[in-house]
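Each of the next two complexes has chain A plus one more chain, namely chain B in the first and chain C in the second.
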Partner chain A sequence: MHSIYTFVTGPLVWVAFLVFIGGLAGKFVYLTSLAKNKDPYVFSYLHLKYALRSIIVWLIPFSTRNMRLNPVMTVVTFAFHICLIIAPIFLLAHVIMFEEAWGVSWWTLPDAVADVMTWVVLASIVFFVVRRRVVPEARYVTGPKEFVILGLVALPFLTGFLAYYQIFDYQTMIILHVLAGEAMLVAIPFTWLSHVMLYPMIRGYMGSEFGAERHVKDW
Partner chain B sequence: MTGKLALWAGLGLLTALFVWPTLFVGPALSQDDMTHIITDAFGVKQRPASVFVHDEHNIKAEIEDDCWLCHHFDGKNPDPMDSSAGMPCVDCHPVKADPDQTPLMQAFHKQCKDCHLEKKAGPIACGECHVRP
Partner chain C sequence: MSEAALAQKIDDPGLDETAAKLTPERIRTTINRVLQQENSARLKAFVGTCVSCGLCSDACHFFLSHDRDPKYSPAGKVKQTLWEMIRTKGNVSQEFIVRAATIAYTECNVCKRCVQYCPFGIDTAYLMTVVRRICHLLGVTPLYLQDTSHSHASTFNQMWVKDDEWIDTLQWQEDEYRDEIPNLRIPLEKEGADFFYSVIGPEPKFRTQLIGQAAVLMNECGVDWTMPATPGWDNSDMSMYSGDLEIMGRIKRAHFETARRLRVKRVVMGECGHAYRSVYDVGNRWLGWREMPIPVIHALQFYWEMLKEGRLKVATQMEEPCTFHDPCNVVRGMGLHEMARDVVRAFCSNFIEMEPNREQNYCCSAGGGVINCGPPHTKTRVLGNRVKAEQITATGAKVLIAPCHNCHGGLEDIINHYKLDVKLVFLIDIIYAHMHKSNAI
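Here is the complex of A and B:
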């Protein structure tokens, strides 16, 4: 227990974050150099104001036509992303571990709130799975890989929940939880989870082209 | 006969005298009955109280004679000849501490986990100490 736990919560955390950040940085460099070679006009179009305008508009619920056409999907997607990002960053246990390792700490959520947010994430993923099987335009772009990736996102939350409530063997569950979180981080640069970075890049470009060049909205 | 009766009555009275109050106050405040670290200093608790069977723990860890290891007067320079046993940690480690003090939760976590890590024995993950009832 001791050696496995200290390994997965120590060196392996570094590896996971390095792959996560390094992978995204590599992808950024690769994509921008690709654009430079194939379509250099991309850069001359870029316009900070319109780029930011598009990024921000698309972060506001029901701000775009597409969001208004799919209200259920809009509510679930926003709730999902907010909980997915906020809960792990402000989880008391995570902050305590950072504080004990580095002496830095920040504001935390009450465990009861983090609990509800975990439910929201898990329920949303069930919704996404059902939607990908039922809605034709989603089913069309869904293969087994999509479900594996959704599972990869669900796993840290599921195991975190089971560890918190000490359901099944705690020591196994807490180690699985840490590994699942690290696996998800590592997967981000190499799967469509990289939309964490591609989202602002693509919106920034679209916003610039539509706003500064064509003088129309891109939403 | 009356002597025997008086003896039984006297014994009964004595027993009642000593047993009766404990029914009201519950377990006496002594480390030999301690199974968890119960403190109300934290206010609203986020976790179940940490397991700590005081005497059994210290015998297993072979520190049953070293009260000063945990019950120090100054954690930075603990003195083997001087123990603060009986004083709750919160007396010197408030929940919201000054910058040069170790706050209560960190005091517990550091004292307990540093030794477990060093000895490679004893709990180090949250749920191993904060066991749900």
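Here is the complex of A and C:
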């Protein structure tokens, strides 16, 4: 058991991060060079001010008409993304591992807050699943793939939570937790989870088109 | 049969008969050519990023008018067309192509409102034009739209107007309006004029008074203008919407070259939306111009300029309650909404806003070439825009101003079908009726 633990928290972490970062970098290079060859005008219309305007406005809750039309979805989406990103980075247990490995550490969240954030992530995913089953326009375009991806995002949080509270066998759960986290990282470049990178890319371009060329807001 | 079911049952030989001739091989190679060779980066980014949340739905008037039927949501339309083409690597049936063409040509106005609703800014309108391009290359295009494109290819105008009929029409209008303004001229082929006034095919064909009224405006403002006596006078471009990009480029080039030949400083365009999109957004880019190769301004900009410079003077104001329809291509496309309101408020004392308005306005459901798909598809666009009727009714206005030809066609049908008590006008109709005419007798 211990050797499996050492393996998944050692070499496999490197592999996961390499695929995650390398995959996204590769996707970025692939899409930008493709755009240079086939859609060169994407670059002629890029406009820093309006690209940033679009990216920033869409990161502010209730700033767009559609966010105001769907208040519950807006609250859940923002809470979900904030917790999803903040909780793992500032979790005490994660920071300790970095400190032990590299001797670097940073500010950490109190465990109680991290707990709440985990709950928020899991509850949001339940909300997304229910929404995709219940809301006709979401249900119509949702396939099995979407639920698999949501599951991939939920698992690291669920297993992390179970491990922390030592529900079921701790050793097994912590290994599953690390594996689930690695699976999610690996999935990012190859699924629509890549919107973590494509969001600023598409917004930057469309924001430039709307702001600089069409002189109009894109929200 | 319900209205919605009737709208579904459409007989269009341009779709059915042409699709019946397709082989699986031709469908596959055409789809892959467009997906792999003509389009790539943007297409891949848009398709790969969509998380299928369905949040784009509230943007679409078809979706809202069909009681939130997900088949009409922007993402729903992509699912029924492009996703399936990509998933099957082009192995789709003739029936699939007919359905895809029906969706892309008649159930989407490529108005880009959904771009403003997608959290990522995915351009679903662009994706629908990719589907249209595929259908065009397969020869599966609504019959009437294809006829319009043929007209562009043969005559360089949208409505089969012959060269001599064009000149004759301008001279007729000059003659007609001289009753009121004796010194009125429509100067033809005047090289070096400040601008050339360009219109779209329907103006000489059946909305001829718009040319006469524009001439009155030019006369009163004392501008140095001209109109060409050769093909290239028409600024419209339905080939842009049918997916015939090669013809689109040819007619846009003819338009710009006519301006160059006349050595005018700029082109002023009549009240048309899609023609404006074709010069600042689509045609210019196809020809390799980042911007328009020669400045082209829309009628709304021109009226605004004339008003601000004091050349256009208000004699009386229209008192009837009126509202203003923001055409997608000049508002979401070029942000002319405030200029338009300045002009409307100058001439109308009782102006009421629609809700939502400006860049959030609902499309007329005729744009994007949909009205040019002809009578077989009229019900699709009228039933697909009940929200527009409700939006107009809610204002209580008696006059509806729409500074765009396609919007006019679409709104006219909506007014008739939903029995709205409102009169539809162009902005120039109001300006003509209420401007100060110092040369009139």
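Methods note: the second predicted complex is superposed on the first by the 219 of 219 C-alpha atoms of A that agree within 3 Å, B and C clash if a C-alpha of one lies under 4 Å from a C-alpha of the other, contacts with A are read in each partner's own complex, and residues count from 1 in each chain.
Note that a residue touches a chain if its C-beta (ideal position, glycine included) is under 8 Å from a C-beta of that chain, and two chains touch if they have at least 3 such contacts.
The structure presented is a predicted model; accordingly, all values stated were derived computationally and were not measured.
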_Overlay on chain A: chain C relative to chain B, clash or fit_ = fit
*State whether A:101 touches chain B only (first), chain C only (second), both chains, or neither.*
neither
*Which partner reaches more residues of chain A, chain B or chain C?*
C
*With the two complexes superposed on chain A, say which partner A:165 touches: chain B (first), chain C (second), both, or neither.*
first
*Using the touch definition from the top, say if A:60 reaches chain B (first), chain C (second), both or neither.*
neither
_Applying the document's definition of touch, where does A:25 land relative to chain B and chain C: first, second, both, or neither?_
neither
*Quick one: classify A:111 as touching chain B (first), chain C (second), both or neither.*
first
*Would you please give the vertex angle at the Cα centre of chain A, with arms pointing to the Cα centres of chain B and chain C, as a multiple of 10°?*
170
*Once superposed, minimum distance in angstrom between C-alpha atoms of chain B and those of chain C?*
36
*Jot down the residues of chain A that show up as touching in both complexes, chain B in one and chain C in the other.*
none
*chain A-facing residues of chain C, complex*: 38-42, 44-46, 48-55, 57-59, 63, 68-71, 73, 75-76, 79, 115-117, 119-123, 280-281, 285, 290, 331-335, 356, 359-360
*Okay, in this complex, where on chain A does chain B touch?*
2-3, 5-6, 92-93, 96, 99-100, 110-111, 163-166, 170-171, 174
*Please give the residue numbers of chain B that touch chain A in the complex, ascending.*
46-47, 105-106, 109-110, 113, 116-117, 120-121, 124-128, 131-132
*Of all residues in chain A, which touch chain C in the complex?*
31-32, 34-35, 37-39, 41-42, 44-45, 54, 58, 64-66, 69-70, 73, 77, 135-143, 146, 192, 194-195, 198-199, 201-203, 205-207, 210, 213-219
